[in-house]
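Some structures are shown below for you to check.
Paired with subunit B in one complex and with subunit C in the other, subunit A is shared by the two complexes that follow.
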Partner chain A sequence: MKSSVITFPGSNCDRDMDVALKKFGFNNKMVWHNDSELPKSDLIVLPGGFSYGDYLRCGSMASKSKIMQSVINFAKSGGLVMGVCNGFQILVEAGLVPGVLLRNKYLQFICKNVFVKLENKENSYFKNLDKNILEFHIAHNEGNYFCTNDQLKEIEDNNQIALYYCDNEGQINENFNPNGSIKNIAGIFNKNKNVLGMMPHPERMIDQSLSGEDGSLFFKNLINNIR
Partner chain B sequence: MLVNQKVAVEHGLKAEEYEKICKLLKRTPNITELGIFSAMWNEHCSYKSSRLHLKKMPTKGKKVIQGPGENAGVIDIEDGDAIVFKIESHNHPSFIEPYQGAATGVGGIMRDVFTMGARPIANLNSIHFGSPQHKKTKNLLRGVVHGIGGYGNCMGVPTIAGQTSFDSSYNGNILVNAMTLGLVKKNKIFYSKAAGLNKPVIYVGSKTGRDGIHGASMASASFDEKIEEKKPTVQVGDPFTEKLLLEACLELMSGDSIIAIQDMGAAGLTSSSIEMASKGNLGIEINLNKVPCRELKMTPYEIMLSESQERMLIVLENGKEELAKKIFDKWNLDFAIIGKTTNTKNIELFFDNKQVANIPVNTLVENSPMYDRKWKKAKLPKKNKLKKEVFTKLKIKNVLQKILSNQNICSKEWIWQQYDHTVMGDTIQKPGGDSGVVRVHGTDKAVAASVDSSAVYCWAHPLTGGKQVVAESWRNLISVGATPTAITNCLNFGSPENEDNMGEFVECVEGISEASEYLDFPVVSGNVSFYNQTKEVGIKPTPSIGGVGLIKNYKKMITMDLKEINNLILVIGKTEGHIDQSLFARTILDEKNGPPPEVNLFNEKNNGESLLSLIEKDYIKSAHDISLGGLLTAISKMCIKGNKGIKFRKLKNLLNKFEYFFAEDQGRYLIEINLKDLVNVKKILDKNSVFHEELGVIIEKEMIIDEKTKLTIDELRSYNTNWLENYMDS
Partner chain C sequence: MKISAIITLKNDVLDPQGKVIHQTLDGMGFDNVNEVRQGKYFEIDVKENDPKKAKEIVENMCSKLLANLVIENYKIIETQ
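Entry: the complex of A and B
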């Protein structure tokens, strides 16, 4: 299985994502933002970091990078595109998933383990996963997901909410909402479920010595689903 | 502008220093030259008050590849790998403008590390604030933490450990010390020594602006009521540009184009160009019209003294200009050939086709002033004789509650959750442990690092305090299973022109040197920050020690959380009941006098090495060193982290229980072992003559000290976790 990770100026989780994808069997290539063509890929990943220093708005300048036109075309043709953290912000700015990501409610960067609940397994990312609650890791300053009421209704009607922040038993409420996201939303799909944007970093949870191993479950399952 | 003694004094030079300049040049300097002298001869850059004493530090060892004198120190971690590391202060700017001051402190130290070819893999910091009640403290803390996070997070380098303290002596002068570790191949280390004639001198990175002019001079003076006016001397950071600069430099360094490289830190273009020339015993010629500027009409004086961030100076091999330019173009960074190396041994500056400065390099470096300042030796204070009555009114539970929620003991999670501590995917011990630990990417090795200081001990008796800080750093590394390798230090003191402050400096350095020599724990880098003082009042002497150690197999790393019910807890090292200068004495008894605990270096070494051998044999399930707050504080933290309790054995010694629980005797650790290993562990400890005793056995979620004194782990946790968050929200 072939994957590509895009490096934007200021990306800083590109290597971590490369390590994770390779660990679970992807043949991964790093792609420079200023290239115009994507290598043949089964999965495109927009990694975390601070593309363009988060200047103007997080993800906004990266969403206009040369490579993004190809990413958009790839997504529109049904290809799998996953954005993590800053990658999610770029997806939002590129209009590939609905909504916006605001500054965290408590106006602080937050780095910690969280639990997330999967609601929708009818997609290539979560299909066949045994667990409904995963322990992931977040590290962001602007992860406060927001959208209009109309958008929210549409998202819910289309089952586009991928992940909710919750507790270890799957309870979803304000106490387990780290950043103020509407409805505790931690990740979201496009209408066709081939594009996934999420704030948590599965690539930081791929080893028992790190924060945990639920990222390993995610990647192992993902490559099996793509096969 | 006419230069005379008055102008020189306004530049922070002493009258006699100005005379020395005129004598060395055999003429009056022009204003640009005077600016250059003032930048090179200030305390921050010249170490004029400290040089004499710093020479005493042990800086050599079989693992030391590079000691002090370069951008950072380098140690060998085997298999062709090396770790580059250093700690540096950014105290003065952080008080004036906490966000930018702290941010650029972090940026500066990372630049020092990647200048040497190393990719930064971990950041640490030691930050000290005034009393929590002081009106500035909260905002300073918030600003500093945001600044450290803002820069480090954007760079994608994990912040893995740190230290935060509050003490009223920092009310007018906070401390912000930032440390970075980088990883490099031993044969790909880059140095700042220029070599060869007519080699192109290249400027890369951000453009030069008017920010930070005289930053180094500002950091070489005390504060007074006009401090607000100093804001323009604080640099403004741009971590995004630094991230690009990091990647571009490492890309260029993968080839063989670079002869020498030096970051533009304190005193900017001035010190970087002069240091490269001085080390290479060469001259350097710069055309200032070629320097990329972000503001119009900058004068030679401003260009030379700007401390704009994210800039580097490189001496390239001839013919490599195009290749290098291509890399910096790719990363959208400025690249300019601004000069060349010469054989004149002078620094020659040109602007608008005129020579605007011509100074022999040696006058700026070797001939810079060096002072043997007067200093006063500190007496060891007399021990307090505590009467039994002082203890009778106290209850263990209340005392423990007060200590666990004390601002200098409580959990600092509110701080470190704002730092990305997991990026790069190799952090295997997060902040909150004895040391932070990161794996050496793609290997079985890991590197542990800790940063420590004990200002109260240093204040009570600088010589003992200096030794203690090194010993504590050593213990913190051993507690995670790392072999202590080397240290970096950041020496934060008041004015060297005050005999008491200078005495504190001299004796702390002596203590540090003695301990680091004895423990074979050499000093490979560091910096000195004097004048942490407002008017006549200086801070408590605060040397920060950044220790680095190696774990050969990261799976053998130890953490402090209690692991398993029915395991035993042992105390290594003898508890003598030293209460003076302990947190207990200060916060419960309100007693501020007396000597700090004695440091017995033989015991430190013996106890530490014995523990390492137990770890090597896989006997140790968890470990924690006993330091501030004493034994009961240490075991409480292990309980909280492991969410398990302990049932204490009956105390068998003659000490009062408060002395036993809260004394801060040195050289002690708590270890968790399996009952079946007890005989073997005891055998090893006895053979090495290490004092040890059984403290108790691990049970479910309760701490049972005796029949009357029981606490749940949730209680302990609530004491320990809430203070900082409540304080910041209040």
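Entry: the complex of A and C
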């Protein structure tokens, strides 16, 4: 299975993502933002970081870079595109997933492990995953998911909420909402569920001696789903 | 000619920075403030001398890059 990770100026989780994808069997290529053509891929990943120094709005500059037109075309033709953290911010700015990511409610950069709950497994990312509650890492300043009421209705009607912040038992409420996101939203799909944007970093949870293995479960399952 | 654009958050979008600025002003003794909303200001020198056309160009910039219309509004002002 072939994957590509796009590196923007200021991306800093691109190498971690490369390590994670390769560890679980992807033949991964790194792609520079200024290239115009994507290598043949089964999965495109927009990694975390601070593309363009978070100037103007996080992800806004990167969403207009040369490679993004190819990523948008790939997504529109049904290809799998996953954005993590800054990658999620780039996806919303590119209009590939609805909504926007605002500054965290309490104006603090948050860096900690969180639990997230997945309720929709009818997609290539979470299908066949045994667990419904995963422990991932978050590290962001602008992860406060926001959308208009009309958008929220559409998102809920189409089952587009991918992940909710929760406690270790899966309770979803304000106490376990780290950043003020509407409905505790940590991740969102596009309408067709081939594009996934999420604030948590699965690539930071691929080794027991470092942090945890829930990222390993995610990537193992993902490659099996794509095969 | 120079065109300015002011980007502001829509009314129903939470502005935590504005809130903190408000609280700080309050603490400094400026207790006559109802609300503070923080925004962005751009001054763009466009290679166009017709005001109508210049404004159109900046408007296009606002809707495509400078503002995110999910959360922000923009206002365009002719500066000179």
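Here, the second predicted complex is superposed on the first by the 227 of 227 C-alpha atoms of A that agree within 3 Å, B and C clash if a C-alpha of one lies under 4 Å from a C-alpha of the other, contacts with A are read in each partner's own complex, and residues count from 1 in each chain.
Just so it is clear, contacts are C-beta pairs under 8 Å (C-beta built on N, C-alpha and C of every residue); 3 or more make two chains touch, one makes a residue touch a chain.
Since this is a predicted model, take the numbers as computed values, not measurements.
In the superposition on chain A, A:E93 makes contact with subunit C only, not with subunit B. When the two complexes are overlaid on their common chain A, residue A:F109 makes contact with subunit B while staying clear of subunit C.
Taking subunit B and subunit C in turn and counting the residues of subunit A each one touches, the greater count comes from B. Of the two partner chains, subunit C is the only one that A:L56 touches; subunit B does not reach it.
In the superposition on chain A, contact is made by A:R204 with subunit B only, not with subunit C. Of the two partner chains, subunit B is the only one that A:R15 touches; subunit C does not reach it. On subunit A, the surface touched by subunit B in one complex and the surface touched by subunit C in the other have no residue in common. Contact residues on subunit A toward subunit B in their complex (touch as defined above): 9-10, 12-13, 15-16, 19-20, 48-50, 52-55, 108-112, 137, 139, 141, 201, 203-204, 206-207, 209-211.
Of all residues in subunit A, those touching subunit C in their complex are 56-57, 60, 64, 93, 99-100, 102-107, 144, 146-148, 151, 180. The residues of subunit C lying in touch with subunit A in their complex are 13-14, 16-17, 20, 65-66, 68, 70-71. Against subunit A, the residues of subunit B that register as touching in their complex are 146, 149-150, 153-156, 238-241, 243-244, 331-332, 416-428, 439, 554-555.
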